[in-house]
Amino acid sequence: MPKLSYLKAMNRALADSLDRDQSVFLLGEDIRVAASNLTAGLLTRFGPDRVLDTPLSEQAFTNFATGAALAGMRPVIEFQIPSLLFLVFEQIANQAHKFSLMTGGQCRVPVTYVVTGSGSRTGWAGQHSDHPYTLLAHVGVKTVVPAAPTDAYGLLVSAIRDDDPVVFFAPSAALGVREDVDFTTLAPVPVGVGRVARSGDDVTVVAIGHLVHDALSVADELAGHGISVEVFDPRTVYPLDLDGLAASVAKTRRLVVIDDSNRTSGFAAEILAVAAERFTLDAPPRRVTRPDGAVLPFALALDRAIQPDRDQLVAAINAVLEDR
Amino acid sequence: MPKLSYLKAMNRALADSLDRDQSVFLLGEDIRVAASNLTAGLLTRFGPDRVLDTPLSEQAFTNFATGAALAGMRPVIEFQIPSLLFLVFEQIANQAHKFSLMTGGQCRVPVTYVVTGSGSRTGWAGQHSDHPYTLLAHVGVKTVVPAAPTDAYGLLVSAIRDDDPVVFFAPSAALGVREDVDFTTLAPVPVGVGRVARSGDDVTVVAIGHLVHDALSVADELAGHGISVEVFDPRTVYPLDLDGLAASVAKTRRLVVIDDSNRTSGFAAEILAVAAERFTLDAPPRRVTRPDGAVLPFALALDRAIQPDRDQLVAAINAVLEDR
Amino acid sequence: MSTADLYRTVRLIRRFEERAIEFVRSGEIVGGIHPYVGQEAIAAGVCAALTPDDVITSTHRGHGHVLARGVDPRQLLAELMGRESGLNKGRGGSMHAADFSLGILGANAIVGAAASIATGAAWAHRRQGRDTVAVTFFGDGAMNEGMLLEALNLAALWRVPVIFVCENNGYATTMPVESAVAGSITGRAEAFGIPAYIVDGQDPETVLEATTAAVERARAGEGPTFMECMTYRFDAHHTFEHRARLDYRSADQVAFGRSRDPVVIQGARLPDDERAAVDAEIEAVLDAAAGFALGSAHPDPAEALKYLYAVMP
Amino acid sequence: MSTADLYRTVRLIRRFEERAIEFVRSGEIVGGIHPYVGQEAIAAGVCAALTPDDVITSTHRGHGHVLARGVDPRQLLAELMGRESGLNKGRGGSMHAADFSLGILGANAIVGAAASIATGAAWAHRRQGRDTVAVTFFGDGAMNEGMLLEALNLAALWRVPVIFVCENNGYATTMPVESAVAGSITGRAEAFGIPAYIVDGQDPETVLEATTAAVERARAGEGPTFMECMTYRFDAHHTFEHRARLDYRSADQVAFGRSRDPVVIQGARLPDDERAAVDAEIEAVLDAAAGFALGSAHPDPAEALKYLYAVMP
């Protein structure tokens, strides 16, 4: 079967969406030459009217997309850097997100915001290494963080078809992931539905984005030690697949979350809060996260030291299994 | 004893800070005529050099404050609307917050950001009614939300003296709160230290900002029904006073959080996450929050319906006490 | 548009605002409003130059814009009173009046935000093969917002059929324009290659004429135009100022500012009896609006989150 | 500053960058750099006009600025290699070089962000009674960022002693300036009432002269000046482009752009032997820098969060 990379899957999702629906168009910085490779080939295929290079005016072009959406289009914006979402936070959280309710349901704002390369990009340091998906989820903007190429394809297609704003994070550490795929089976993946990435009995590890792959490899490793890890990948940060999560935890009764957010009120905090409210666990749950207020230092070892890693995950799993 | 209102306490904190330290100055919109009343009298007393009216250029003046701080000043910015923090999120989270680490500790950015009237302002609707303290806490910016006038005084003074950026939320619903105070006892309140606002035995209610007053009145009411509620007011959202919280919960073994954030990954989620990790509770904890993605509708009854209220708090307390 | 029609519009806005202010005082309108009193000629003149297919965006001070665009005063007043029969079903309030059926893409409470939204909408319409023109209203204060300046660049670069209408009423809340704007307002627009004109914002016919030219230019595919309409805010920045006196405009200045009243200026162009007839008609409309709004149901708190999402799993 | 000194600076920057590119290739520098090659005359000329008490802010393409400002090449190279001996103790990397002892308030990786920071710093210094001048470097692309335009307004309004140095190298990554900037760059600055000049950014002496005038004006309390320095980026936007060929500049254009080389232009003003002596001196400095950087310790992962807060309870 052919190999499909994560980035290529996204590219394909864009192409299929442009092809299917004339109201879809792309805008962003350096997307015509495809500096990030996300939009490779799309200018040639769809022309400059549908692949718009923008000046460095993030706030205006984000609102521009909102305006275009109000007029019936389905804009897809590529942001080159995760922290650009900070720069346009008002335009997403306070404009695009609020139009539907504030107008009494008169309009829809189907804009998709894509961050190609979120989280640490090795060597890009403090202002280029954020992973702010929790921020968007907290304000209630639909937010997806796929781990695998097929999900990247399926969730990007769904995000574009969704009638609300959706933020799509493509973690830098996942962009190179490849999957054997029969291309004819590529299909939309619904927003808000998780998946069991690996089935197990002893403990549920909730992981999202690139960390799903770390969780899977830890699960492999621990299988050798007689520990059966279930990996639950929510795929969507908000709205969360509570039923999927509940089903997994009902089986394992133990919970660890690995999350590339800062710790305080991060994605993992929400999972633990839900667990505290609803689940019966046999041991206190754990979270493996970035530290509070994390600013990624440049030096490689420091950058890595701040990100949640496999060793920490193993330790957390062992801790929740301790009193078995 | 004289009465001190919350807003007047903040005004006094500014005056005392300007008086004590020549490097303190104020900037913001309409602060010379004191449109919000926060800065009443300060222009006359300290002159136009230290009370700066800015054009509507929030991003530039927020970075301007960072630059002034790098040059040794202690700027205090007033923001008229909570959602202006969305507009300057990049300038706070990605600039001011990151300078210390990124420069290897070469500099400090002692800027204070004050939102006069956060949360719902009756009748100001969707874009003026946010309460985004969790967002700042999540990115690791020190964030305080005082409930009482003496704390408003003490925390504003401490925020201004702090060598890091600090965001100060003055909830709209708390601005009118008054306290009997001997003015000579007004003193700094340390960032990161909570207080037991009312002592009790049966359940810990964590509340912050204006909701502390709701929690206290619910506690009064329930005392009549034989329920002894302890109200813990962290005062600072980040860094959280974990020891204070732990001490309270160790006593009561039951926990409810009332929080004006959206539910997903809000402040309450963090408290519940900590509880799940560390505390032994006799009943699952509860949180009373804004709903996910909350946009406050204009109509009064709808606006109120979306905010956490006393009835919900009573219900949550009863729920955690059910199996006593 | 006839002399009488323009008069009807400015008079309607004036009286709507005066009545709304009374409803703020009586507590029927919660939270207050930003009165448009004094600036009526701009909304009236600009909207008179548009066709039904055109679109506009408005501001925190937006009642005049939407009334001039044809909004039903009953629905607008009901919105200000937070009723289910309101323009936005009571969800928006004074600062968010929207009527997509009339091409009103919403008032915006964030200063400077709407210009780029209007630009995007105008661009989209053109891309869809329509010859829609968009108008975006904003104040002098908005000229200092980076996102608005960015929008000027996008509009000019891509020759978007959008008209930037700056209502220079001399103040951003209490900040005088001279203390806030270095250089000139039209100079800023011109720096982006956008033709910019200073227009007498107190005379509806002058505004109409200037806008007509700008609309023609936009429809001809020649891109954006910028109009700086000189005006004066007769009343408070916001009704909260009625309670808290803020010291930033002298009584003399206010008196001078009020001396050129758009309602008087346009009214003088009509015979007395015709004007009186219009006035009476408007009072009847507003009486009906008040009755409608006051008699309308409040939204059901159980539906507080209705419309939050278009779709939710 | 002498002819030789200016030459030394441009040559130092050039060779530093060429060596840094090699270290990117060899993997000693992780993450790559934005080479300043071709633009050296601007950093050299501007910084030559400053005194030790002045301050600057820099960009993602900042090595030239900080070297011209007097940063120790050993510490800069060590920073690029993420060593504890680096300028920022290995915490900042290529895009964040800062040296507060030299008035370098930091390079900034967010396009357009630093201009308002420099403006605030300059204002503060003046308020403190010092006659500091601030220089803020940025590219042509930054001229479209609202926050930078807002900064022009603040600086002009408050007559802040800040010099805006726009390095127009024709592209923002791959976006040609003509497709991104409506109107003209100097026209934008002038619209805020800031005197703006187009300067030959390939000749260090021309840049020095223009900056000297701007510095005098700033120190005299006359406010900001804007310089648009016309230049060309000889190399990649970022070293990632060495691997992924992006198609946006023709070979002819690159050849033409490279034909006016600041190192050659300034070098031609020196006798051959003098130039050779400077060149040799620089190689020795850079050899030493390489030795120093490669021999320096990596930071301790246990200290990854050191410096995150100035104080923490």
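To keep things simple, chains are lettered A, B, C and D as they appear, and every chain counts its residues starting from 1.
Going forward, contacts are C-beta pairs under 8 Å (C-beta built on N, C-alpha and C of every residue); 3 or more make two chains touch, one makes a residue touch a chain.
Composition by chain, UniProt nomenclature: A, B = Pyruvate dehydrogenase E1 component beta subunit; C, D = Pyruvate dehydrogenase E1 component alpha subunit.
Since the model is a prediction, treat every value here as computed from it, not as a measurement.
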(message) Can you tell me which chain lies farthest from chain B, using the average of the Cα atoms as each chain's centre?
(response) D
(request) Please work out the Cα centroid separation of chain A and chain D, and write it as a whole number of Å. (result) 35
(message) Measuring centre to centre with CA averages, how many angstrom lie between chain A and chain B?
(response) 30
(request) Could you please state the distance in Å, as a whole number, between where the Cα atoms of chain B are centred and where those of chain D are centred? (result) 40
(message) Show the residues in chain D shared as contacts by 2 or more other chains, in ascending order.
(response) 88, 90-92, 96, 108, 110, 144-147, 150, 153, 157, 179-181, 305, 308-309
(request) Please set out, as single numbers or ranges, the residues of chain A touching at least two other chains. (result) 55, 57, 59-60, 83, 87, 90, 94, 101-102, 125-127, 140, 239, 293-295, 297
(message) What's the contact topology between the chains, one of line, ring, star, complete, other?
(response) complete
(request) Sort out for me which residues of chain A touch chain B in the complex. (result) 83, 86-87, 89-90, 93-94, 97-98, 101-102, 125-127, 130, 132, 134-135, 137-141, 238-240, 261-262, 264-270, 272-273, 275-278, 281, 284-287, 292-295, 297
(message) Applying the document's contact rule, which stretches of chain A touch chain C when the two form their complex?
(response) 25, 49, 54-55, 57, 59-73, 75, 90-91, 94-95, 99-108, 110, 140, 162-164, 190-193, 239
(request) Provide the residue numbers of chain D that touch chain B in the complex, in ascending order. (result) 55, 86-92, 96, 98-100, 105-106, 108, 110, 113-125, 127-128, 146-147, 150-151, 153-154, 157, 305-313
(request) Can you check the complex and tell me which residues of chain D touch chain A? (result) 29-32, 79, 82-83, 88, 90-96, 108-112, 141-142, 144-146, 172-175, 179-181, 244, 246-248, 298-299, 301-305, 308-309
(request) Spell out the part of chain C that touches chain D in their complex, as residue ranges. (result) 144-150, 152-153, 156-157, 179-184, 187-188, 190-194
